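In what follows, structures are represented as structure tokens.
In the two assemblies presented below, chain A is common to both, partnered first by chain B and then by chain C.
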Partner chain A sequence: MLWSRRSVFLGLLLGGPVVLAAAIRIVTATTSLWRLSINGARVGGPALFGMMMWLLYIRFIVPVLGVFYGTSLIADEVDDKTITYLFTRPVPRGAILIGKYLAYVACTTLLVLPSVILVYFLVVPLGGGSIGESFPALLEDLGMLIVGLIAYGAVFAWVGARLKRPLVVGLVFAFGWEPAVLLFPGYLKQVTVAYYLQALVPHAMPQDSAVSILMQMFREVPPVATSLTYLAVIVAIALWFAARAVELKEYVLEQ
Partner chain B sequence: MTSRTRYFVILSLSVVGVGVSSGLVAYYVGFPARAFASQGAEELQYVPRDASVLAYVDVREVMASELRQRVRRAMPVGHEDGQREFQNQTGINIETDIEHVVAYLQADASGGSMPGSGMVLARGLFDEVKIESLMREHGAKVEQYKGKRLIVASPNGVAPAGDPNSTDPVPRNTPPNFALSFLKPGLVAVGNADLIRHAVDLEKGGENVTSNTDLMNRVKSLDFGNAWAVGRFDVLQSAAKLPPGMNQLPAITWFSVTGRVNDAITGVVQAEARNEDAAKNLRDVVRGFLALAKLQAGSQPALQAVIQSLDLGGTDNTVALSFSVPGSVFDLMAPAREKSVEKPAAH
Partner chain C sequence: MPIHDQGYRRYLGGRAPRGRAWVVIASAGVRTLLGKRAFLGLLLISWLPFFVRAVQIYAAANLPQAAFLAPTPLMFRQFLEQQEIFVFFITVFAGAGLIANDRRANALQIYLSKPLTRAEYVFGKLAILTTFLLLVTWVPAFVLLVVQVAFAGNFTFFVSNIYLFPAITVFAFLQVVTVGAAMLALSSLSNSARYVGILYAALLFFSQALFRVLQFVTGNTSLSWISLPFDLSQLGDAIFRLPLRYDTPWVLSLVAIVALVVAAGLVLERRVRGIEVVA
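Presenting the complex of A and B:
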């Protein structure tokens, strides 16, 4: 899982924010562009870090990691025609999926957390930001990202175990269904992962586009405890269905 | 697990471990006020809780800046008179002796005027003996106050009279005594004698400005600059003799100015209005002034660059005016000044 071509691509994806943060740091250190402002309001290091968390990690990297790794847990074994070897082992089929899912959680966590920490130390001191003062928010961010990876991974593991073209469906769900539903008032947003995940973010949502402003307008933030409960329920249900799908489904290997 | 995977896990956990440990250390070491992150926080113990305006300047950084050199080149004569007079009076060379200063103003509760009710705390390298002898030459008198030597000079150069140990304020119509005292090695307090005595009292204990959460929260929120000031505008407005036009401004409660001087001067002037309506009115007023200034600056390239850099912003009850004046503007000022100096000589 860790050394596939997919991982190299995702490693580059996670290196992007670090490179961006380093570039911002170098520019601010070498020029007089020490003060970043958006719409006339000053943006300090902690606020910039918050924006990067929202725009890069929460809205993009975490769903992408979930989609690419989650859907591939079983699909890769089918494509490589190695699933037969796994299924001939004297363990329940569902346990194989759960084991691969736990490996996914460990791998993605080890990929994402260092990236976030490097970005934090590069960006937060800008504009006089305090590392110590923002540290509790960093811990919340790290916790939230792990929860996000767990939740998205479980959902897409189910998609990968159940459907024939899981990647397309996963991408449509993560970047089509979820952002669209969050824009509108009503109850549909409750059938997304993002709705509960965004309630755990300690930073204010940036109003970087018309879509973000709309999301902000219709944003109902459930309490943290409620969000965590719902996410736990989503993970449990998704994993149960994924394990059941693996148990029942007849995987046909193409010759 | 392959060795490659093992190295990845070790590297990844190391980054996380070092990052979280460093963050924990930073968290438990404390939250220094951002604008005081590197230096200056110690001086706050001498500033009384009810200070109306608090300011800080990293003198060394400003004096060493490229901009300062440009200003010197652009205005080689005349601008150093005040600096020289201060040196003549106190023996302190602002350019070389001072690292940074913390200053404050205190509104006179009895309705007096603001000037004179302030104190400057300067950190640097000072020749105490030379400074004291110089001030004594100018008629200053040395007095002891709770173990500290106060060099007190009246504004007209005549030594002050009265009980030196008395902390009672000077009579209303008497101009305040100017005094200087070395509170610690390398830390000199200059300003109103009564305020310096109060600073000595505060060293022993008492409520200083760090317990003024309103003011300190605003100081903490400032961007990191090498010069800044924060204060209550409403107190200043009621206590100081501001120009009549200033009294017609929408209700402003707090103001802050922060800037960084290096090869350019960048900064933000921020005002906090009493409510959103007042902030909107203030924005309209500033916008009007900006439009007028743009019209006036039409033929003056130096002024044009300054005006172009102004950016009005702010949210809710805050109005922010940011600016960035490149150092080249001061080069443009130089020919204008040369012309103005040459003109009288031609007659």
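Presenting the complex of A and C:
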């Protein structure tokens, strides 16, 4: 999974925040050009780290990795016409998907977490922030990111196993359906992963745009235990359907 | 048993004039996409905001209680902004595989062995994407302008905002060409349409997220030029004569977009070749 040219994308995606954090650290340490502020009020490194977690990791990197790797678990094998070799082995078809899914979780987790930790150590000391004080929040962040990768990966593994062209559906779900539904009051937001995942975030949601302010207005935060339970149910159901789709579906290889 | 002549026969079909071969690629691509029900569904959904706006204009023109809904130049700008999400989905659906699928099937060599230049090939592919993107940006915005005149029964709004038609046209074409060039360049970089789609999503959303972080750090919005969607927003405001939303001068946003299109052109020049010479 990692030894391919596509890993360049993964490297850029996860290296981007680290490079940005390093640049911010260098510029703020050597010049007075940049000052961390919200509405003119000075803030510290922990607030900047919280914002980077929201904007870069929770809203973008975790869903994108889920879409990219989740949808390609089976679709890549179909595109490369190698799925036949897997299906001729004496292994249940569903087990192949689950095995590939676990590989996805292991790989992405082992790459995302170091990126977050590097950003944490680069950014949190800025403006007098204390690494020790905010360390428990970092652990919560890491746990939340793992849960997010697991949940999004499972949902998009199902989409990838079920549909012939899963990418558009995945992008519509991650960047169309979820942000839109979170803006509305009511029950609709409960049909998203983001609703439960955002309840696990220990940082305040940034109000960086009109959409974010609306989101903040209609934001209901379910209890952590409830969120974890729902996410576990989502993962179990999505993986069951994904495995069932792989068992039953006849994949037609394009000539 | 008849014996058919299997010998050489001259081509008796029509021959496209030089420089028109791109039309064949474009029309074939458009037909292929129109044959996909999922894509037609996406196009239909993309037109929903148009119908909402049409109802708004109708209500403002006919119901005195709804006069506050009267159309303004800002409404047309907001309409084009609302269409951005559909532009994204249509670009990914229609554009991701345009060159990537040909590379995957090794069809590029076959294409370019015909009387077809590389420029015609690229232009044909670009025409497919721009056709559908204009169908959800320029066409509905222009029709909205017509709807306004029809429902109001006069040309007062149209004449007092005479710059709206050129503004809609310039912005829609700028947006479509920029997005189309970026997607084609990405499509030429890989054999996998799925990978291209994700790269394009990253180009858009990741640059937006980076800008938001930098906005937080710098305390102003002067770095909005790093994000393609924000460059287009800034230029859109300038074209529609609205107050600019970011501190970046609109000229800088234009330079960023031109640089992106030029870079896309260079990538396409390098990647769209009949043969790859390996040194």
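Structure notes:
The definition used in the following text is that the second predicted complex is superposed on the first by the 252 of 255 C-alpha atoms of A that agree within 3 Å, B and C clash if a C-alpha of one lies under 4 Å from a C-alpha of the other, contacts with A are read in each partner's own complex, and residues count from 1 in each chain.
Here is the rule we use: a residue touches a chain if its C-beta (ideal position, glycine included) is under 8 Å from a C-beta of that chain, and two chains touch if they have at least 3 such contacts.
Because the structure is a prediction, the values reported are computed rather than measured.
With chain A as the common reference, the superposed partners chain B and chain C fit together side by side.
In the superposition on chain A, A:Leu111 contacts chain B only, with no contact to chain C. When both complexes are overlaid on chain A, the residue A:Asp79 reaches chain C alone and has no touch with chain B. Contact comparison for chain A: of chain B and chain C, C touches the greater number of residues. When both complexes are overlaid on chain A, the residue A:Arg244 reaches neither chain B nor chain C. Of the two partner chains placed by superposition, only chain C is touched by A:Ile24; chain B is not. Residue contacts after overlaying the shared chain place A:Glu133 against chain B, while chain C stays out of touching range.
Superposing both complexes on chain A places the Cα centres of chain B and chain C at an angle of 110° as seen from the Cα centre of chain A, in steps of 10.
With both structures placed on the common chain, the touch criterion links A:Arg162 to neither chain B nor chain C. The superposed arrangement places chain B and chain C with a least CA-CA distance of 11 Å. Applying the stated touch rule to the two superposed structures, the overlap between the chain B and chain C interfaces on chain A comprises residues 34-35, 37, 40. Those residues of chain B that touch chain A in the shared complex are 2, 4-5, 8-9, 11-13, 15-16, 19-20, 22-32, 34-35, 37, 222-224, 260, 262-264, 266, 268, 311-315, 320, 322, 324.
The touching residues of chain A, when paired with chain C in their complex, are 6, 9, 12-13, 16, 20, 24, 28, 33-38, 40, 48, 51-52, 55-56, 59-60, 64, 67-68, 71-72, 75-76, 79, 165-168, 171-172, 175-176, 206, 208-209. The residues of chain A lying in touch with chain B in their complex are 2-3, 32, 34-35, 37, 39-42, 44, 110-111, 113-114, 117-118, 120-121, 127-133, 135-136, 138-139. For chain C in complex with chain A, the touching residues are 38, 42, 85, 88-89, 92-93, 96, 104, 192-195, 197-199, 201-202, 205-206, 209-210, 212-219.
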